[in-house]
Amino acid sequence: MSVQEPLKNILEAALLAAGKTLSLEQMAALFAAGGEPDKAALREALEALRGDYEGRGMELKQVAGGYRIQVRAEYAQWVSRLWDEKPGRYSRALMETLALIAYRQPITRGEIEEIRGVSVNTYIIKTLMEREWVRVVGHRDVPGRPALYATTRAFLDYFGLRSLDELPTLAEIRDLGEIDRELQQQAAEASAPRSGLPLAGEEPEPGLPDAANEPPDDRNREKQDIEKQGAE
Amino acid sequence: MSVQEPLKNILEAALLAAGKTLSLEQMAALFAAGGEPDKAALREALEALRGDYEGRGMELKQVAGGYRIQVRAEYAQWVSRLWDEKPGRYSRALMETLALIAYRQPITRGEIEEIRGVSVNTYIIKTLMEREWVRVVGHRDVPGRPALYATTRAFLDYFGLRSLDELPTLAEIRDLGEIDRELQQQAAEASAPRSGLPLAGEEPEPGLPDAANEPPDDRNREKQDIEKQGAE
Amino acid sequence: MSDSPGALEQAPPVDGGGVPLAVVRGEPQFELPEDLYIPPDALEVFLDAFEGPLDLLLYLIRRQNLDILDIPIASITRQYMEYVELMRELRLELAAEYLVMAAMLAEIKSRMLLPRPVSEEEESEDPRAELIRRLQEYERFKQAAEEIEALPRLGRDVFQAVIAFPDRQVRQCQPDVGLDELMRALHEVLRRADLFSSHHVEKETLSVRERMASVLERLDGEGFTEFTRLFDLAEGRMGAVVTFIAVLELVKESLIELVQSDNFAPIHVRARSAA
């Protein structure tokens, strides 16, 4: 414990600020010419630091290039969540494809395209299959033998349905459209007389539901999410 | 105290690995749904962490966006040798514009120009926005609908502030009516040998009407800006 | 300095002393501060240092250790004009604001030369008052800017701590979807395709569609399956009806074929695509 506190703290500060491996030479170069600690002193201070980190969230690791401070492996499972990809939103194209598969199953991609009036990206089908909401239940006996898609039990479970019968009827969906229109009208009317300025730190108003159906720009969304989280 | 070691270590590992400010919400999100520690537990663990860092190379800092671990300022002189490039300085024009936005938000460019007495270069606003210190929060309902600027959370974080309240207090000023009264009394003094009038440089008398005339975002200070300036 | 209007206003007659040039914090000043006058070549140095006319005026006032309230308007105006003149001589781009301020100073100066009507003191505001207000207002933000500048900054005074994380795992989270979103999507696509009017879609029950999928899945790639094995007795009569309709629908859509080798022989089913 004869290690100079300042030396140990300076090395700790430098390793933390650098965020990467520092060699003994780099550490010595932190000090004014003539005042550099020798390697033995550096090693002693680093050894003390290693001891300080026992039982902590981080550890001092000696690697080929020198020393670095790193996350202890036992905390990796929690720390990893920091980089969990923020779930974006599904595109309108994907939602429409899923809805058509649910209501018109078994259905081929070509048939979906016919109803939607635009081609269906392979990525959409792949996403729906990976999510295990959609599966191939057969192939239509026409040239090319296109796959027939249907929804899965996982799809029903996710949406809390016992069977497809519990999906809203088309009549209900038509009403839904009318309700939407009314809501939008109300929203438009409500926003007209509003002139109050958003206060500092307030998030801009969320868009109307239709805006949310646009294909997302994931990077922006992630940022928004983070900001929103911070604001809560 | 009774802080769970794992919780403290997980937070330490996460804050260090993230290399940025984390909000309490982000910290809670490290844990599986249902197993999140509540905010009180998080705060207790962070408090313990703060204590652990006493006398070390780093410190736990609370800023607007949450908490971060940073290198103690006293070790900056060694640490800054890690980088050849020194951080650039911002112009006075930029800093004055930033100060006006910070204290007077939301504020238009025209209002900034009025107080500074010179036009504000577009480049300055652009730099502040690119730096994400400033954002447009709305538009003033006057001809031209000029943008209203306000500071961001990133601004507070960068300057190590938890909220706008922590900004340096604005110097006190006397309102126009009082200035005029003083000027007239000064003139009157020309014919009277002596007066107990508060002169420039003296402490303002408590309860002077100017305090009530201050805009709500201005915080009065006891310190006299005039003496400070004169001493330069 | 023969700054008669300024001196007249600021200098109370003091016994035995003549007329002081100015009063600074209540103290009469009889001698000019050495730095009152800024030589023109020095001005050049400050050329870029000023943030506009208010900043320049503040400098001129502070150089004399004067309070803003004690502005000797004539001398300040003269110094200010010299600065502006110099900028012109150097053919530097002179911001219009400097000229506006010059005009304002000249106006204040001329108004102060006029005798003040004593009776209407309330109404006649000191011409310097507005200028003083603006100077004060600017100065507080100038100072605030300096104080913000001095705040410890990330990357300059304090450094963010960050450590290596070798065991990082990347997980993907999937978006949450509400049933209402799904319904809205369907509403939109059906509206576009104008299918609401189609009886064909309207009358279909989804349980038949579901059963079609499951029958098809059971048949896919398996060759022939005995027709009766498609039925699950546990489902009861309704289940049997649904399966039967599903099979008929699949036949209609040419997705399966039914084969009976002989009268009353067992019926076999297979997916058309499996052939």
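Quick notes on this one:
By letter and in written order, the chains are A, B and C; residue numbering begins at 1 in each of them.
By our rule, a contact is a pair of C-beta atoms (placed from the backbone, for glycine too) under 8 Å apart; a residue touches a chain by one contact, two chains touch by 3 or more.
Note that this is a predicted model, so its numbers are computed, not measured.
Each chain gets a centre from its C-alpha atoms; the one nearest the centre of all protein C-alpha atoms is C. Seen from the C-alpha centroid of subunit C, the farthest chain centroid is that of A. For the pair subunit A and subunit B, the distance between mean C-alpha positions equals 32 Å. Centre-to-centre separation between subunit A and subunit C, using Cα means, comes to 24 Å. The mean-CA centres of subunit B and subunit C are about 17 angstrom from one another, to the nearest whole unit. Multi-chain contact residues of subunit A (touching two or more other chains): 13, 16-17, 19, 58, 69, 71, 79, 81.
Taken residue by residue, subunit C touches two or more other chains at 159-163, 165, 168, whereas all remaining positions touch fewer.
Of all the residues in subunit A, the ones that touch subunit C in their complex are 13, 15-17, 19-21, 58, 61, 68-71, 73, 76-77, 79-81, 83-90, 92, 95-96, 98-100, 102-106, 115-117, 131, 135, 137-141, 145, 148, 150-151, 158-160, 163-165, 167-168, 170-174, 176-177, 180, 209, 213.
Touching subunit A in their complex are the following residues of subunit C: 159-177, 179-193, 195-196, 201-202, 205-207, 209-210, 212-214, 216-217, 219-220, 254-255, 271-275. Every residue of subunit C that touches subunit B in the complex is listed here, in rising order: 8-13, 25-26, 51-55, 58, 62, 65, 67-70, 95, 97, 101, 116, 121, 125-126, 128-130, 132-134, 136-149, 151-163, 165, 168.
Subunit A makes touch with subunit B in their complex at residues 5, 8-14, 16-19, 26, 29-31, 55-58, 69, 71-72, 75, 78-79, 81-82, 195, 197-202, 226-227, 229-230, 232.
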